[in-house]
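The first chain written gets the first letter, and so on, giving A, B and C; residue counts start at 1 in each chain.
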Amino acid sequence: MAKVDLVNALPAPRSTVLVLALRGLVFVIVLVLPLVLDSYLLSLAILILFWGLLGQGWNIMGGYAGQFSFGHAAFYGLGAYTSTWLLVNAGVNPWIGMLAGGLVAVVFGLFTGFLTFRYGLRGPYFALATFAFAEMLRLIAINWEVVNKSRGIQVPLRGTDSLLAFQFETTKVPYYYIILGMVLFTLALTYWIDHSKLGYYFKAIRENEEAAAALGVNPLRYKLLAMSISAFITAMGGTFYSQYLLFIDPEIVFGPQASVEILLRPIIGGAGTVLGPIVGALLLTPLSEFARTLLREPPGFLALLRGHAGTDMMVFGALLIVTIILMPSGLVGWVAKHWNRLVKR
Amino acid sequence: MIVVALVAYVVVFHWNDLANWWKLNNIVLRQALVSGFLIGGIYSLIATGLTLIFGVLGIINFAHGAMMTIGMYITFWAFQLFGVDPYVSVIITVPALFLIGAVIQKLTIQPVMAAPAHNQLLLTLGIAIFIENLLLVLFTGDTRAVQTDYAGARFFAVDTMISLPRVWAFLGGLIVAGILYLILTRTDLGKAIRAVAEEKEGAALMGIDTERISLITFGLGAACAGAAGSLIMPFFTATPTMGETFNIMAFVVVVLGGMGNIPGALLGGIIVGITESLGAVFLPGSSKQLGVFIVFILVLLFHPTGLLGRRSG
Amino acid sequence: MALLELRDVSKNFGGLQAVNHVSLHVNECEILGLIGPNGAGKTTLFSLIGGYYYPNSGRITFRDHDITGLQPNAICKLGLARTFQLVKPFANLTVFDNVMVGAFNRTASRSEAKERAQQVIEFVGLNGREAQMARELPTPGRKRLELARALATQPTMLLLDEVMSGLTPTESATLVALIRQIRGRGISVLVVEHVMRAIMALSDRIAVLHHGEKIADDLPENVTKDPKVIQAYLGDEFMLSEV
């Protein structure tokens, strides 16, 4: 697995000031962005952050600890369903629901993780097992009356815009700040993990579990830890989705499509790097959105494509193939590699 | 122990209830067993290609179901335009899919053979997305079916209805898998393929062109999927995304039988087929696959090398 | 006083008796060499001590703790660190980060771990290569890295599994000097080796395994004269005349 440490790849300390200034600038831009964006671009920005968050969740386990999950929809769906069900059936505040959903996802992660790790499932076997767990949850949700079977759950509108209630009917701006907050928090968490004992242990397990154990790393404990952190973040994303789009069903949140979408961005961006998931989301989300609008309602000069559903996803698939072939360690890894070459020259 | 005691209790004290239940359900059950067994043959065939690819290239091919779908569309158009019988069209789909598979391998898989496993997995996923949507663009999302005069042919054995096209599909699946097995065990090419699966570097040292073998293997795997597409066309309708379900079932079959194990794929296919159709009888609503996934996870946990797989350290 | 003690340890795989009632001890500040012809059970014994196999019978104690059947990570925590015969570097981490993983065994503080890692890297002579990816290191460098990682866990005893195989005589001579220095710091060493010259010169005491049994346990000069040992090595690729 070719992972490149972007922090080490950045040039000498004398440019630290520059980097800091750049970070500050990005931060300010991100903060004032909603004030200048129209509503279409704002919802795009929210989507980018949303997928960034889910990607960050996956990245802890799939990228850092190297446990390739192909069933993160399980955590995503558990988060969405727990908070939404609690809200609809018991009037529980979505913020509390979000914590509850996170905990449910963690418990599920610990349970499935314990089973799979205990029996030594690795690589493709582990990936397929996580996939099967997510599919089981989907099938259960489809057939369980308590969660409305395949009809899904509608989040009721309560007629007031309130941060406390996690609901805004008149404006999307607060959603932007909420998801931004979550992303920044997770970014800080990832940065901290990357630079702490935890991150070193995760990476050691990813690279060689046996050697890691010989150096005092308890593989089971740290893999379960990675699973828990990953599950919690992903479940938070589930609650956000439900509160933002006000409707969930088993296919949307537990479906294989969700699992794929979640892991796509961090891998394209650079798995096992702090910025990878965000970079991946920044790249892929607008791409798939523009492809959708452009190719579903093509302008005059592309008229021959009109009426052909699927062109957007076809292009998307092709781009995915090309990206993976050309940038095997993701965009962040690719940039770091070429940056090094430039600096050395 | 508890299970045995429970079964004993039910048998001893509720014999009459059990007998009544059997009277009510035995036809349904027998029907489920037979149709599960027959569809299992198709799962076996698809999984044979998948397991072969995994054994030699070490790649989990997510595009395998999509290749079967291509086979279905070829069969459909051969029938629609030239009146080619679906069974006859196997002789078109097999070489066509072999070629398509080989081209895909050459252009996309070969460049990532050294890349981490998750990249390979994502790549085949990208191929699946591409193929499905290409089919959608070319042929729209309408369901396509061939109207043959034998589509409804059936016979009865002990009150159980057996659909003839499904029997043909099952037998066809066995024949194709059998041919593949013969190729692998009786020809020089097969020996080379097995050598690469066994020990890639060793095979390369012995002068085997592993790149070429990978190419041929991927082609052969795709050809199996294509043949399956032709064989099921008389009783399934084609849509661009229908390969997905088959793909998932094929994964389960492959793990069940042991990754890279062809006889295992045959056995696993039949187990999955039967489990699925029993699930349709016993599990509520649309959760017939739940049983399959439970079996899948149990096998993964307790015998991850598969039912016929070798124990490895 | 014995730091590591094996009492009557046996391990069989199926019908094969890989280790047969072996008792062995390593004293504090001692270098014990473990030799034996191919297939004598050295690596199995090693894996038993390191916690990778569970013995069929017998006990293993380390610093008065019963470590029989403990997980490898727990054994490392107690101060018994090992290297692998086939080195297992964290290929896509830098040399420095490789050693950092070991250094975190005794501390959770990044700065302390960094300090520790830097010391060890200088000690094994890998300085200047800190930023290199482990996969880019040549074989001798990888062997040093393996040693550095184990040392960074701050062990009281090191298990070295054929650290000198694949090295040139000059390279193994520097490694021998390094192992002596390690002992000089109060760390006991159990070294399994095929390169006889090196192990004879290095070890305070030598134990010989043959067909899973311990056939000798004595000072190096006595072991070379032991008729049982000579018998065991006769016909093997490693004649004692090599020594």
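Rule of thumb we're sticking to: a residue touches a chain if its C-beta (ideal position, glycine included) is under 8 Å from a C-beta of that chain, and two chains touch if they have at least 3 such contacts.
The model shown is predicted, which means the values in this text are computed figures rather than measured ones.
Chemist: Which word fits the touch map of the chains here: line, ring, star, complete or other?
Modeler: line
Chemist: If you tally C-beta pairs in contact for every chain pair, which pair wins? Let me know.
Modeler: Ranked by contacting C-beta pairs, first place goes to A-B.
Chemist: Taking each chain's centre as its mean C-alpha position, how far apart are subunit A and subunit B in Å?
Modeler: 32
Chemist: Please compute the C-alpha centroid of subunit B, do the same for subunit C, then give the distance between them in whole Å.
Modeler: Between these chains, centre-to-centre, one finds 49 Å.
Chemist: CA centre of subunit A versus CA centre of subunit C: separation in Å?
Modeler: About 43 Å separates the centre of subunit A from that of subunit C.
Chemist: Residue numbers in subunit B touching 2 or more other chains?
Modeler: Touching at least two other chains: none.
Chemist: Among the residues of subunit A, pick out those that touch two or more other chains and give their numbers.
Modeler: Counting only residues that touch two or more other chains, subunit A contributes 1-2.
Chemist: So which bits of subunit C are touching at least two other chains?
Modeler: none
Chemist: Quick check: in the complex, which residue numbers of subunit C touch subunit A?
Modeler: Subunit C reaches subunit A through residues 50, 52, 71-74, 76-77, 81-84, 88-94, 97, 100-102, 104-105, 108, 110, 113, 131, 149-150, 152-153.
Chemist: Provide the residue numbers of subunit A that touch subunit B in the complex, in ascending order.
Modeler: Touch list, subunit A to subunit B: 1-2, 62, 68, 70, 115-116, 119-121, 123-125, 127-129, 131-133, 135-136, 139-140, 142-143, 149-150, 256, 260, 263-264, 267, 271, 308-314, 316-318, 320-321, 324-325, 328.
Chemist: Okay, in this complex, where on subunit B does subunit A touch?
Modeler: Residues in contact with subunit A: 54, 60, 108, 111-112, 115-119, 121-123, 125-137, 140-141, 240, 244, 248, 251-252, 255, 259, 283-287, 289-290, 293-294, 296-297, 300-302, 304.
Chemist: Which of the residues in subunit A come into contact with subunit C in the complex?
Modeler: 1-3, 5, 8, 195-197, 200-201, 203-204, 207-208, 210-219
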